[in-house]
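Take a look at the structures listed below.
In what follows, subunit A forms one complex with subunit B and a second complex with subunit C.
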Partner chain A sequence: MDVLLPRTLEEALEMKAAKPEALPIAGGTDVMVELNFDLHRPEALIDICRLPELREWKRENGMIFLGAGVTYGRIMRELSELTPLTQASRTVGSPQIRNRGTVGGNLGTGSPAGDALPVLAAYDAEIELASANRARSVRWNEFHVGVKKTALEPDELILGARWRAVRGPGSFSKIGTRNAMVISVAGLCLVMDDDARAVRVALGSVGPTVLRASEAETFVAEELTRSGNWDDPGADLPVDAMGAFAERVAAAARPIDDVRGTAAYRRHACAVLARRALGWALAARREGVGRP
Partner chain B sequence: MGDTRVRERTRGGIGEDVARIDGLPKSKGAFAYASDLWADGMLWGHTLRSPHPHARIRSIEISAAVASPGVHAVLTAEDVPGKKTYGLEFADQPVLAWDRVRYVGEPVAIVAAEHPELARRAAARIVVDYEVLPAVTDMKEALEPDAPKVMEFGNVLRHVRIVHGDPDADADVWVEGYYETGMQDQAPLGPEAGLAVPAEDGGIDVYVATQWLHVDRQQMAPCLGLPMEKVRVYLAGVGGAFGAREDVSMQIHASMLALHTGKPVKMSYGRAESFLGHVHRHPSRIWMRHGATRDGRLVNIRARLLLDGGAYASSSTAVTGNASTFACGPYEVPNALIEGTGVYTNNPPCGAMRGFGAVQACFAYEAQMDKLAAVLGIDPIELRLKNALSTGSVFPTGQVIDGTAPVREVIERCAAIPLPPEEPTGPATRDPITVPGGAQNVGHGEGLKRGVGFAAGYKNTAFSEGFDDSSEAWVRLSAGPAGPLVEIRSAAAEVGQGVYTILTQIARSELGVERVILDPSDTNIGSAGSSSASRQTMMSGGAVQLACGAVREALFERVRAREASSDPAGELRLEAGQVLESELPLGPIERFLDEPIEETRVFHHRPTEPIDERGQGAIHVSFAFAAERAVVEVDEDLGLVRVIQIAAAQDVGSALNPRSVEGQIEGGTAQGLGLALMEELQVVDGRIRNASFTDYLIPTILDMPPVVSVLVEEPEPGVPYGAKGVGELSTIVAGAAVAAALRNATGRELNRIPVKPDDLVGLAEPPTSSGPPAAPDVPGPRSVPEYFGLGAGQMEILANDADDA
Partner chain C sequence: MTRIEVTVNGVRRDAEVEPRQLLVYFLRETVGLTGTNVGCDTSSCGACTVLLDGESVKSCTLLAVQSDGREVTTIEGMASDGEFHPLQEAFHRNHGLQCGYCTPGMIMAAASFLHENPTPTEEQVREALEGNLCRCTGYQNIVKSILDAAGQMSGVKA
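Moving on to the complex of A and B:
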C-alpha cells in the first residue's frame, strides 16, 4: 500500500487525479480503525493532514468556512461562539480522539451517526469539493446520499464546509447509553435563524443519512409568527405547539432497530430532544443570547 | 552501635496502605503486558473460527493456506498431538473442532506465519465445508425434549436441588417474581496473548496472561502429548482477568504451532476476537417465591434458577452450585426448595466472572426482599435486618456459619453513610455534564427523578464442594548487600488485584525485613491455585505466612544456638531488621545469615464436603458479606441514568491493605453498575452482535459516582490474619442496588438487567415467564457429564492423576 504525502493542495489534487483510489487520511480515527480491523484495504492512502487550506477556518462576507482538516479539539477551543458545533464536537469520543478527528472525516465517512453532521445540516452547509481541474460545492443533503455514501467523485477531495453565519440560539444533543464516549443513538441539532425567521432541525442516527425535520420547521416558524415571538422573544409559544412540534420532529425520523437502540426509542428520543432544544432556544432568546 | 537502634516497627507490612508494586510501571506505560511479548524469529499464530452456532464439519481443505506466502504451519484437529479435548471441570471442549462445531467462534484451524497479516490471510484461504445443523440458542428451549442436543447425553450440565426444612411450609404473605440477567463480559483491557517457545528438551515454555498457571498446564500437557514437567508456564503481564482467563484460550494452540515449527509462536487476540475467545457471565432466568410472617420473618423460599452455560462446560457446574446455594441471600430462612439448572446451548460458552453465580442470584433475591417489604409495609432495611444471618445461622444447605457473619453490621453501617445532598433539579441550574446523559447535552435538569436502592449479598471465599485448592510458597531469607533480604516464590497470578503487593507485605510483617523480592510466577513451584474466588490473599498469603514462619523458626534456632541469652525464656521477635529478645535488640538479622534460610510450605484451607442428593453439606470454606446503597438520578423522559453515589459497607475480616481493599470495592462496584446499566453481549441466534468496545459499553469515569466505603473488620477465625476475600462482593451487590434505585425512582418493575432506556421510559414490556423454569429429570447433584464418565481439568488436580490422555 502506497502512502502519498502531498505538501500543498495543488499537489494533493494532482496525486488524487493520478491515483483516484487513494483514500484520504487526516486524523485517522475512522480510517486506521478500518485498516487495523482489516475491514478495508485501500490501494493507497493520501495524507492530507498537512495541507494548510484544509486546516483553517474563517469568517468572510457573513459566511463561515470550516476546513475539512480542523479537529474537534480545535473547534472546541477556537469556535466556542458556534454553540451547536462546539457541543457536537464535545460529544465526539475522548479528548485523544477529538485531538485527531476532523470534520472532514465525518463528511468523508458519511455515517449518519457522525456527530458534526446534524450541525452542518442545520446550518444548511455547502460542502466544498475540489479536483485538479474543477471546484464545486454541494449542499449537505446532496453530498450524503445514503449510509456511508457520498457524492464525492474519485478524483475529488473535501475542502470543508461553508455556511451563512446565523444570528440566533441553537444547540446540539446526543443520546447514548452511557454518559461519555458513545456512538450516537439519536442526535438533534436545532438552530434558530432570527434573520430568516426560521427554525432548522436536523436529526442524526435516525435514518440512512442525517435528516431535516422540514414539516416541523415550517410548523414551528409559523407558530412563532402567530405568537409574535419573532418580534417579542418574551411572547410564549403555546404548550400545545411545543408538543406538536416535537411530534412532527419525531415523525421525520426514519429509525431502525440496531445493536445500539430500538427504532421506537429513537423516535421517542427525537421528540424529547426537540421539545427541550426548542425550549432552550426560546429561553435563550428571551434572555437576549445571540442578539446584538 | 548506631545501627542497632530499633525503629518502632517494620515499614510496609500488613495493615498499611502500601503502594502497589506494579502501580507505577502500569501508570507510566512501562509495564510489559502479554501482548508486548517478543522473541527473535518468532511466528504469529492465527485462529480460524466457526461462523456457525451448530454445524457438522464435512471437510477442511488447507492446501491453499499452506501454499500462502510466509506460512509455516496450518494445523487442524488431526494434528493435536495428544488428547483432543480440554476443559476446566470436564474435558468436553475440542482443542480444534473436528466433526462438529457448537458455537460461533469455536476454533477450527490454526495457522503460523511470519506476520500476523500473513497468518490472517492464509486462514481466510482455508475451506471448511459445513453442514449447518439446527441450533439451540435459548436456555429454556434447551430443556425441551425435542431440542437439538449440544452434547450426546443432552443439554443439562448440572441440576442442583436443595431441600431445606419443610418446603411445603405455609406463610402469611407470599411474593413472587421473575428475573433475568444478560450476558456480561469481563472486558479485560488486555486481550488474550501469549508466546510459546519450543525447548531443547522437546518440551515447551509458554509465557501467558492467565489466572492459574498450573491448571493451564494441567490441560495443556495431555493435549500436547507431553509429560507435565516438559510444559513450563510463566506468567506474562496480565491486563485484567475477572474470570475471563481462567479457561485456556491460545495456550494449547500456540504450543502446537511452536512444537510443529520449532519456532517461537506468539498469539495475540484483537478486541473482537477476545470477545469470542473467552467465556462470559452466564445469562440467567430466575423465578422466586418468598413467604413470610406478617411481621416480616422469612418462612419459606422457593427458587428455580436457569443458567445458560453455552456450548461447553467451562466452570458452569460450579457457577450453578454457587447460584443455587446462595439463592436465599444473607438471610435466615427455615424452609426452602431451591432448584438450579445449568444448560448447554449453542451460545458462546459461559464460565467464571467476578461474582460467579452470586451476582445473578443477588439481583433476584434482593428484588424479592424489596417486594416483600412493600407488601408488608416494612422498611426494606428493617426487613433485611430482621432476617439477617449471623454466626451460628444455618444455610439452606445445612451448613452452619461458624465464622464471622456481620450481616447486620454491613447493612447498618451502609445505611448510616450520609446521603448525598439533593441537587437542584430545575432547568439551567447546574452544569449539564452532571445530569444523566453527561457530556452529551441532552438535558439541563428536566424530568429528573432521584431514587435510592439498597442491596445486601454474600459469597464464599476459595473453592468449594470438596476441592482442595491449595497454594505453595517458597521463602528465602539471606544477607543482601544492604541488609537482610527476603525472596518469595509463588505461582499466584497477579491479575491487577494486588496479590503481589500483599505477599510482600506479609513477608515484611512476618520476618521484620523491609527488602523483599518477589520472583516471577511460574510452574517451577507448586500450584498457587487460581486468582479467582476472592482467594489469593487467604491462600497464597497463607502459604507465604507459613513459609515465613518456618524461616523465622529456623533463624531463631540459630539465634538461640549462638547467642548467650540473658533471658533463656525470653521471646524472640523480628522487627525492622533486628532480632529482639524480650523486646531488647540482640542484633541485626543479617548477623545470623551467613547461610541463607529457605523454606517451602503449602497452605490448605479447611476441607469442604460435596453437595448431597438433598443439596446438603458444609460445601463452602468461608463467607463474606456486603451491602451497598445506590442513589441514582433518572431522566424520566429519556430513560438515561446517572448514579450519584454508592455507599458500601463490606465485611473484610481484616484489611491487609485498606487502600487496595477500597480499590477492589470501587472496581467491583463499577463492574456491577455496568451490568445494571449497560454491559451486555447481545447474542442473537448464537451470534454476538456487539463484539467491540464501540458497542459493548463499560462505564466511563462520568458513569461512576463517588464510592463511600466502610470496611467492617471482624477477623475470621482460622484464616490467615482473619482476612476475608474482598474482590467480588461489591460486584454482587452493586448491580442489585442500582436496579433497586431505578425501581425506586421510576416505580417500574425493571426485572431484567441491564436496564435499558426503553425499560425506563416504558417503551418495552418487562420479561415474563409462565411459571418457574422447568426442572429437568437428570441425575444429580453432581455434574451431569460426570455421570457419563467425563472427568478432567481441575478434577485431575484433585485426584492427583496426571496420566489421562
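Moving on to the complex of A and C:
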C-alpha cells in the first residue's frame, strides 16, 4: 500500500485524478479502524490532513464555510458560538478522536449515525466538492444517497460545507447506550431561524440517511406565528403544541431494529429529543439568547 | 519506503518507514520507546495515547507518515533532568495505577487536557478520560492523581 502525501489542494486533486482509487484519509478515525480490522485493503491512501485549504473556516457575506479538514476539537475551541455544531462535536468519541476526526470524514463515511450530519442538514448546508478540472456543490440531501453512499465522484475531494448563518437558538442532542464514546441510537438537531421565521429539525441514526422532519417544522413554525411568539418570545405555545410537535418529529423517523436499539425505541427517543430541543429553544428565546 | 522527519521527545529523527506502519509501532520498534502501549488497536482503549503537536491522539490509528514534520511526545518525554513530571509524581503518590498498562495513556491524555484546562473540576477530569480505559483501578485514584497534579502544576494546593 502506498501513501500519497500532497502538500496543497491542487497537488492532492492532481494525484486523485491520476489515481482515483486512492482512498482519502483525513483524521483516519474511521479509515484506520477499518484497516486495522483488515476490513479494507486500499491500494493507496492519500493523506489530506495537512492541506491548508481544507483546514480553514470563514464567515463571508452572511455565510459560514467550514473546511472538510477542521477537527471537532478546533470547532469546540474556535466556533463555540455555533451551538448545535459545537454540541455535536463535543459528543464525538473522546478528546483523542476529536483532535483528529473531521467533519469531512463524517461526510465521507456517510454513516446515518454521523453526529455532524444532522447539524449540516438543519443548517441546510451545501457540500462543496472539487476535482482537478471542476468544482460543484450539492445540497446535504443530495450528497448522501443511501447508507454510507455518497455522490462523490472517484476523482473528487470534499472541500467543506457552506451554509447561511442563522440568528436564533438551536441545539444538538443524542441518545446512546452510555455517556461517553458512544454511537448515536438517535440524534436530533433543531435550529430556529428568526429571520426566516422557520424551524428546522434533522434526525440522525433513524433512517438510511439523515432526515428532516418537514411536517413537524411547518407545524411548529405556524404555531409560533399563531401564538405571536416570533414577535414576543414571552408568548406561550398552546399546551398541546409541544406534544403534537414531538409526535410529528417521531413520525418522520424511518428507524430499523439493530444492535443499538429497536425501531420503536428510536421513534420514542426522537419524540423525547424533539420535545426537549423545542423547550430549550423557546427558553433561550425568552431569555434573549441568540438575539442581537 | 517513505522518508519522514519527526521530532520525538525533542529529538529530531530522520527515518525510512513503511507507509503502512502505525505511529505506535514506529515509536516502539523503530525508535525503541516501549512506554506507549497497545491495548486494542482500534481507538477504543486509549493505552496508546501520545501527543501530536501537543494534542492527545491515539497512535494505534495514526500512520507514522502522518507524523512527518510534526512533534510527538510520549511518556518517556515527560520527565526532565531525571525529575518526574508532576503528573507522574501525582500518580505515584496517589496510587493512580495498579498493573500500569493504561498509565502512559492516562498520563498523556491528562497532560493534553491540563494544558487546555489547568484548573479542572473532578467532573471535567472524568470527562477528559472518556477515551481511556482502565481495568484495574476503578478510576478513583486516577482522577485523584490528576486533580493533585493540576494543583501542583498551577501552584495551588490540591
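Points to keep in mind about this one:
Operating definition for what follows: the second predicted complex is superposed on the first by the 292 of 292 C-alpha atoms of A that agree within 3 Å, B and C clash if a C-alpha of one lies under 4 Å from a C-alpha of the other, contacts with A are read in each partner's own complex, and residues count from 1 in each chain.
Keep this in mind: a contact is a pair of C-beta atoms (placed from the backbone, for glycine too) under 8 Å apart; a residue touches a chain by one contact, two chains touch by 3 or more.
Just so we're clear, the structure is a prediction, and the values are computed from it rather than from any experiment.
In the superposition on chain A, A:268 contacts subunit B only, with no contact to subunit C. Shared-chain residue A:14: touches no atom of subunit B or subunit C.
Residue contacts after overlaying the shared chain place A:87 against subunit B, while subunit C stays out of touching range. When the two structures are aligned on the shared chain, A:183 is found in touch with subunit B, with no touch to subunit C. In the superposed pair of complexes, A:247 makes contact with neither subunit B nor subunit C. Look at A:194: by the touch rule set out above, it reaches neither subunit B nor subunit C. Touch criterion met: A:2 reaches subunit C, while subunit B stays clear of it.
Of the two partner chains, subunit B is the only one touched by A:173; subunit C is not.
When the two structures are aligned on the shared chain, A:100 is found in touch with subunit C, with no touch to subunit B. Overlaid on A, the two complexes show subunit B and subunit C touching the same residues of subunit A, namely 36-37, 179-181.
By the touch criterion stated above, subunit A contacts subunit C in their complex at residues 1-3, 5, 25, 28-29, 32-33, 36-37, 45, 47, 49-50, 73, 93-97, 99-100, 179-181. Taken in their complex, subunit C has these residues touching subunit A: 2, 19-20, 22, 41-44, 46, 49, 52, 55-58, 60-63, 65-66, 68-69, 109, 112-113, 127-128, 130-132.
Residues of subunit B that touch subunit A in their complex: 117, 120, 270, 272, 427-428, 436-444, 446, 637-640, 642, 677-678, 682, 689-690, 694-695, 697, 699-703, 756-758, 761, 763-764. Against subunit B, the residues of subunit A that register as touching in their complex are 36-38, 87, 90-91, 171-183, 259-262, 264-265, 268-269, 272-273, 276, 279-280, 283.
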